[in-house]
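The structure under discussion appears below in the form of structure tokens.
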Amino acid sequence: MKLELKGITKKFGTLVANDHIDLMVEPGKVHTLLGENGAGKSTLMNVLYGLYQPTEGQILVDGKPVSFGGPGDAMAAGIGMVHQHFMLVPVFTVAENIALGNEATKAGGLLNLDETRAKIRRISDEYGFDVDPDALVEDLPVGVQQRAEIIKALVRDAEVLILDEPTAVLTPKETDELLAIMRQLKADGKAIVFISHKLREVKAVSDIITVIRRGKVVGDADPDAPAAELASLMVGRSVSLALEKAPAQPGEVTFRIKDLTVTAANGQRAVDGVSLQIARGEILAVAGVQGNGQTELTEAILGLQDHVAGSITLDGEELVGRKVKDIINSGVGFVPEDRSVEGLVGAFSVAENLVLNRYDQAPFAKGLAMNPARVAENAAQRIAEFDVRTQSAAAAAGTLSGGNQQKVVMARELSRPLKLFIASQPTRGVDVGSIEFLHRRIVAERDHGTPVMIVSTELDEVLDLADRIAVLYRGRLMGIVPGNTSRDTLGLMMAGMSAEDAETTQTDAAQPDAAGTDSAGGDK
Amino acid sequence: MAPPAVPPSAQSGQLYPEEAGTQPLLHRIMASETMVAVLAVLLSLIVGGLLVALTNEQVAAASSYFFARPGDLLGAAWTAASEAYAALFQGAVFNFEGQTFARMIYPLTQTLTVATPLICAGLGVTLAFRAGLFNIGAQGQIIIGAMLAAWVGFTWQLPVGLHLLLVILAGLAGGALWGSLVGLLKARTGAHEVIVTIMLNYIAIYLVGFLLTTPGFQRPGSSNPISPQLGGTALYPPLFGDTFRLHWGFVVAVLATVFAWWLLNRSTIGFELRAVGANPMAARTAGIGVTKSYVVVMVIAGALAGLAGVAQVAGTERVLTAGVAASFGFDAITVALLGRSTPWGTFIAALLFGAFRAGGVTMQTNTGTSIDIVLVVQSLIVLFIAAPPLVRALFHLPEPGAVSPAKTGKSKSPAATGGAA
Amino acid sequence: MSTMTATVPDQAGSMGTVRNWKTPIILSVLAVFALVVFALGAPANSVTFRLSDPSDAVVLTDLVLSAPVTGWICAVLMLAAAVLSILEVRAGRRVPGWLVAVFSVLFVVGFLTWVVGSARTPNVALYGLLAGSVTLAVPLIFGSLSGVLCERSGVVNIAIEGQLLFGAFAAAVAGSLSGSALVGLLAAAVAGVLVSLVLAVFSIKYIVNQVIVGVVLNVLVSGLTGFLFSTVLSADADTWNSPPRLPVLPIPFLSEIPVIGPILFRQTIVGYLMYVAVAVIYVGLFYTKWGLRTRAVGEHPKAADTLGVQVNRMRFTNVLLAGVVAGIGGSFFTLVSVSGFGRDMTAGQGYIALAALIFGRWNPIGAFFAALLFGFATNLQYVLSFLGTPVPNEFLAMLPYLVTIFAVAGLVGKSRAPAASGIPYIKG
Amino acid sequence: GCGAPPAENTPSGSAAAGASDYLGCIVSDQGGFDDRSFNQSSHEGLMKAKQDLGIKTKEAESKAETDFVPNLDSMIQAGCDLTLTVGFLLGDATKDAAKKNPDSHFAIVDYSDPEFTDNVKPIVYDTAQAAFLAGYLAAGTSKTGKVATYGGAEIPTVTIFMDGFADGVKYYNEKHNKKVELLGWDKDAQNGTFVGNFEDQGKGKTNTQNFINEGADVIMPVAGPVGLGTLDAVTEANTGGKKDVKVVWVDSDGFETAGKAEEYILTSVMKLMGQAVEDVVKTDLAGKFDSTPYVGTLENGGVALAPFHDQAKNVPAELKSDLDTIKADIISGKIKVESAASPK
């Protein structure tokens, strides 16, 4: 099946997300879309998938113009999509999720899930997915969830498969598996539209690359072109992909975690006997696939977890058992992993968000009374310092773009004297230019003598920032390795191999499945 | 029942202030929120008027010969509706038939009197809303507040000033106690506040019913469930002399509004509870005690409702009965919603409802129009004001700015983000 | 760089603890209470539970229990259950549902025996107590089913009270005018749908906060029916407010089964419809295509949308359907319970239904039993008041409400609503 | 028919024929004028006075206690000659209004207060006397040996019925050496069954079913319209001849006013409020207003037992003559009917 987009324009109010985009997707090819955050990739795909109605333009299937009233029409036309944010109902089983919208029924309108189960098994066998149709989605690791998403498209006989940033949540090994699957699908004659920011993968799997910038197609790129060239095409200027930072000058160790065990809401040990320490002037990066205990680890430090055993000390003082407020006030800066859920109150103004954990302290408050003038003053300074793009300090934080929201959180946490700085996914959803800036701020904080803990699932970021790297797998520490450890070794550790084993076997591809992590503990 | 009932408009600021400036004045007026509010009231009055007309006997009579003399029908309908509303106005704002000036403005003071408990209880509901709690329990909180206040009022003999002060404190404490039960149960066990408040309303009614049959509360020499009258020292003094029922409780209600505004917008407690209401996860991460906030806000909300109870027993009714709360606790919910969960909005909404209530009584006695019509009009107003696009569509008004409806209603509203119940 | 989470929409909900000691604590407290009151404080006499009326076709012998013996047995078993629950939690497991259920039954038996035993006449018609409970629960069950339908599809329904009241009103008026109870029943369903329609249009089309619409609808219906009642219905009650009654349709033989016969098989059409509705909605929700879509739309509307499910249409139809259910429930007031409409005659039952729905964890069967529990507590209060207990009347009257609070706080706690309930779905 | 009376405030239309521009007014309590109870009876009395005497009237229904004072105020503003209020809840409001307006006359049904000024006439009833007769009758006609009563709320105007009823049953037991049992009210403990309001007919029905299940076959609901629920329950129980349950109605003659299930109404304990109200208006119109409380008794006919109507066949002649004797004895004071709630 051949798919053609002609002059697609999509406006949100006054914002032009897609501007006369032309695109041709052919069977047996992997067609990659490349572009920075907010370039309009997902929007284009949502138009193609019938979720959005294009403001202008036409979609042609095998040369015939079609119009999609909704995803139902697109699916009927043979288009399947795996969304950037998974579209799975967490309290449903895999089978229920896959049946949804495409239900087989028995007499009396009763669901016939057996048929769906059979289909799932058939496709699982064909592509080597290992998916239990009767597992609850919320209990599944993200890797498996993603396979369920792919099955969802395949069950509907998709000829064109859209994969919107499918690798963002996968281990390197899982990513490799996915790429293999893509190749197999391609061999079966399916057309694949692939979106990713990870140039390595893009280069590995693409047949065609189209670069989008600010809603417009700026041209095609050769998959064999060097990464730096692709990156500058994306951003429209040359970018330095590496962070320049001086070697660490570790001072005394002020932050210690000893035998930390955190039991999550579902009764599982999310963090299991972790011990580590960070010296002043040093960045420890915690690497691992999402949902391997990083969230619980950082939350336990801040006192957000209820069932914590072991000890966490900062400057010799025990943190376990203390209130969050105490811990914050004792000088712990904390950037949570999901800014819009945990980092910001969307309905609050930017100014209010900038004092979200200091609203009751001088100079912002005296007794019970807050001082709005000081809050506004602080906001003006922080906005200027961190280049937060907002209509005004009084604008609701929820109206800011993701990257700017992130800057607000970082600005809040980095603008007071800290004894420990913890940041999860510090640059998630932030554009390349701002990443540079935020990274420099983090390094500056280190150089100022603060112990820093960075949690990131992005290996690039980990490697850029870390002086030492701790890898978590299923809540356990796989080892702490130097900041210049190879990507492959880290990948193996993230899949559950100890540091020593990983070092020795890093070239061996045939490792046991590493997908079995638990995400339920991580969704806090 | 996930969402806290914070109307999106309560929290978000003006998203597109600059856009207004670029449009012609007339367009701006027609598209403004005030215009929508005015039209919503108008529309509700029209619907209510139609109802009055439709059920009027003269109208029914005239309709039997409609085709012969259609004018009669329309005339009768107009008369029925306009007389009802004239009486409503006369009873709520200004009595142009009054013999003395005092009589002329008497209705307005009545409106303020009725509004007093509505303001206080409405503020309680508003504060709870803002912390993400749907407080249906103002009724029970008023009752318990009134109960304690009345008890202090008729049992103790104390000097002027001190006595009233203690009455007020007792009312605050009673409401706070009843509210805190909700907060504690929610915080400790996660029990849904909607259920708990509904149940506590009933329990409060039976409790006061029981107490009114016991010697401590029952009027001596009477076996009716009614308390002794409160002593003079326990009462709010009249605000404008004995001619009017309006008492200092109204001033207290105004102060309560100022307090609620300050608390919500200028105090650390308000900051905390707004944060908890808008996004409990972020509040927790910022070191704000979410469960503590639930308790705190319910204590304050209950205390405010208790203040409404004080207004009843120490101001308007001067006696405790099982029906002392009338339906103020439930009206308070609508008032808070109409006031968009802001203190001054609640204040104004309470005045409006007070006017309807006060005028409704006059409307009923003067024109025989059932006071229930007031409920209809009130609820329609809230509905229409909550749905500006509907009003605009009905009156062919322009949309404000160039904002598409999809964006204005985008799920970044607190109702969507702060949805942990 | 770009977003990496698989954003699960229920994230905001889970703040729970690992070992939940709440249930064991509550069970232990109640068990000790039972020991002190039901066992140690048991009256010395025996208690008679009558299982059938002397005029019934099948007459069962009375159940005579010794109050102390029963009290002791119940208390000891409850203590055992409490200990078991402690062990379970200590082992890191949840307290199993059956244990709580068994415990509750024991508590009720112990309580009944104690309270009836302490009464002036320690003798009660158990069959009547149960049958009355069901009768009291009927409108609650319909109301909470209406809530289930709405909330499962993502629309909060506070307007149950309004639906019930308008249903009752319409049934009375239409029944009176037509002289047919069935027409009344039909009209009630239509009335329920009308209320639903306003709820749906305002909350789905105009995206007005669903709680606001619900609360206001209740006021609106109360005002409207009250207004019409005083202007039209009372003026000429014979024409407007004397509906015929729905006849009781006993099923031969089955209705003669003692105790459960009258409950299950001696009902009006509304009573039978109630059982049908519970079953159909349960099966529908969990075993049909419609149910799968409904639940998906209530949990993760966007996901459903990407699979071609028309989210808002689904919600719209569900809300309307809920109107049918609640409307029929409303007809119970005027066509079955009593003959004629009275101002605000639903008297807050819609809110109790809301509570039952939450207590029943958004599950039709759960809601059914929650409503029954409420009906039972209410009827027990009536029965106790004339058996002559020393407890003041007002405290007995609090019983159903106290039971509900205890149940919600102790045994249910933080229940999880459908994740998208209350959140409007706006397409991009 | 009293919900929406023709508007009386358009004096331009030719006023009804009548010598007087005397204005008689009435304020209800929350029950409203369609409560099938004392508001309604009082209202009917005033309407009767309007018809018979040609006076003008004005009325105000209260929806909540907060409406009492405004309603009374609007009556005073309207220049009412006599304002009638209904129920104890209006007691304080009436007392204050009377104090402030010494030139207007007031009357209040079912409440009396020593602090009333002498422009207030209380209209009260010693209902226990008539209820005594009903209790005796109920005990005498019960086949199961169990009779029952329940109330709307635990207030004196309700419990006085129940007290009298209880005494009547007791008197029957003493006289005939029987053990007829009364469910729902324990006079000594002053404790019994109440539905908690005067609106919820469903509760009345369920309660009645419970009584029937316990074997009661004569039931007296003292709960205004809630009693209609009792009629429904009794109709259901009696249908098919399974049971033979009867009802004792209260306030008015239920056979005439209840509008259904008349055949099961054994009798009614009547408070003839309409008559009393009309009489008060009449005396006031004649300029002979006095503030001595009117106390309805068996003697002055203010309270009475209604005729048996359809049930007459079920009341043995002996019982009828007993009732006559007892009535005479109560009037003569030979039998003392005492209730804590009796007007003093």
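Worth pointing out:
All chains are identified by letter, namely A, B, C and D, in their written order; residue positions are counted from 1 within each chain.
Convention: a contact is a pair of C-beta atoms (placed from the backbone, for glycine too) under 8 Å apart; a residue touches a chain by one contact, two chains touch by 3 or more.
Labels paired with UniProt names: A = ABC transporter ATP-binding protein; B, C = ABC transporter permease.
Treat the numbers as computed from the prediction; the structure is a model and nothing was measured.
Interface comparison, B-D versus A-C: the pair with the greater number of contacting C-beta pairs is A-C. The centroid of the Cα atoms in chain B (ABC transporter permease) and the matching centroid in chain D are 36 Å apart. One inter-chain figure worth recording: chain A and chain D are separated by 75 Å, centre to centre, where each centre is the mean of the chain's CA atoms.
Separating the centre of chain A from that of chain C (ABC transporter permease), both taken as means of CA atoms, is a distance of 43 Å. The mean-CA centres of chain B (ABC transporter permease) and chain C (ABC transporter permease) are about 29 angstrom from one another, to the nearest whole unit.
Among all residues of chain C (ABC transporter permease), those that touch two or more other chains are 11-12, 15, 229-232, 392-393, 397, 419, 427-428. Counting partner chains per residue, chain B (ABC transporter permease) has residues 6, 55, 206, 209, 213, 281, 284, 370, 406, 418 touching two or more of them. Touching two or more other chains at once are residues 3-4, 61, 154, 196 of chain D.
Chains touching one another form the pairs A-B, A-C, B-C, B-D, C-D. Those residues of chain B (ABC transporter permease) that touch chain D in the shared complex are 55, 57, 83, 91, 103, 110, 114, 206, 209, 213, 221-226, 229, 245, 312, 316-319, 321, 323-324, 326-327, 357-358, 361-362, 364-368, 370-371.
Of all the residues in chain D, the ones that touch chain C (ABC transporter permease) in their complex are 1-4, 32, 34, 61, 148, 150, 154, 183-184, 186, 189, 191-194, 196-197, 199-207, 209-214, 225, 228-229, 232, 236, 242-243, 259-260. For chain C (ABC transporter permease) in complex with chain D, the residues that touch the partner chain are 53, 55, 120, 124-125, 127-129, 131-132, 135-136, 229-237, 242, 245, 248, 333, 337-340, 342-345, 347, 378-379, 382-383, 385-386, 388, 392-393, 397. Residues 3-9, 30, 58-61, 63-67, 69-71, 74-75, 77-78, 88-89, 91-92, 111, 114, 153-156, 159, 196, 340-341 of chain D touch chain B (ABC transporter permease) in their complex. Residues of chain B (ABC transporter permease) touching chain A in their complex: 6, 11-13, 15, 266-269, 271-272, 274-275, 278-279, 281-289, 402-404, 406-407, 412-414, 417-418.
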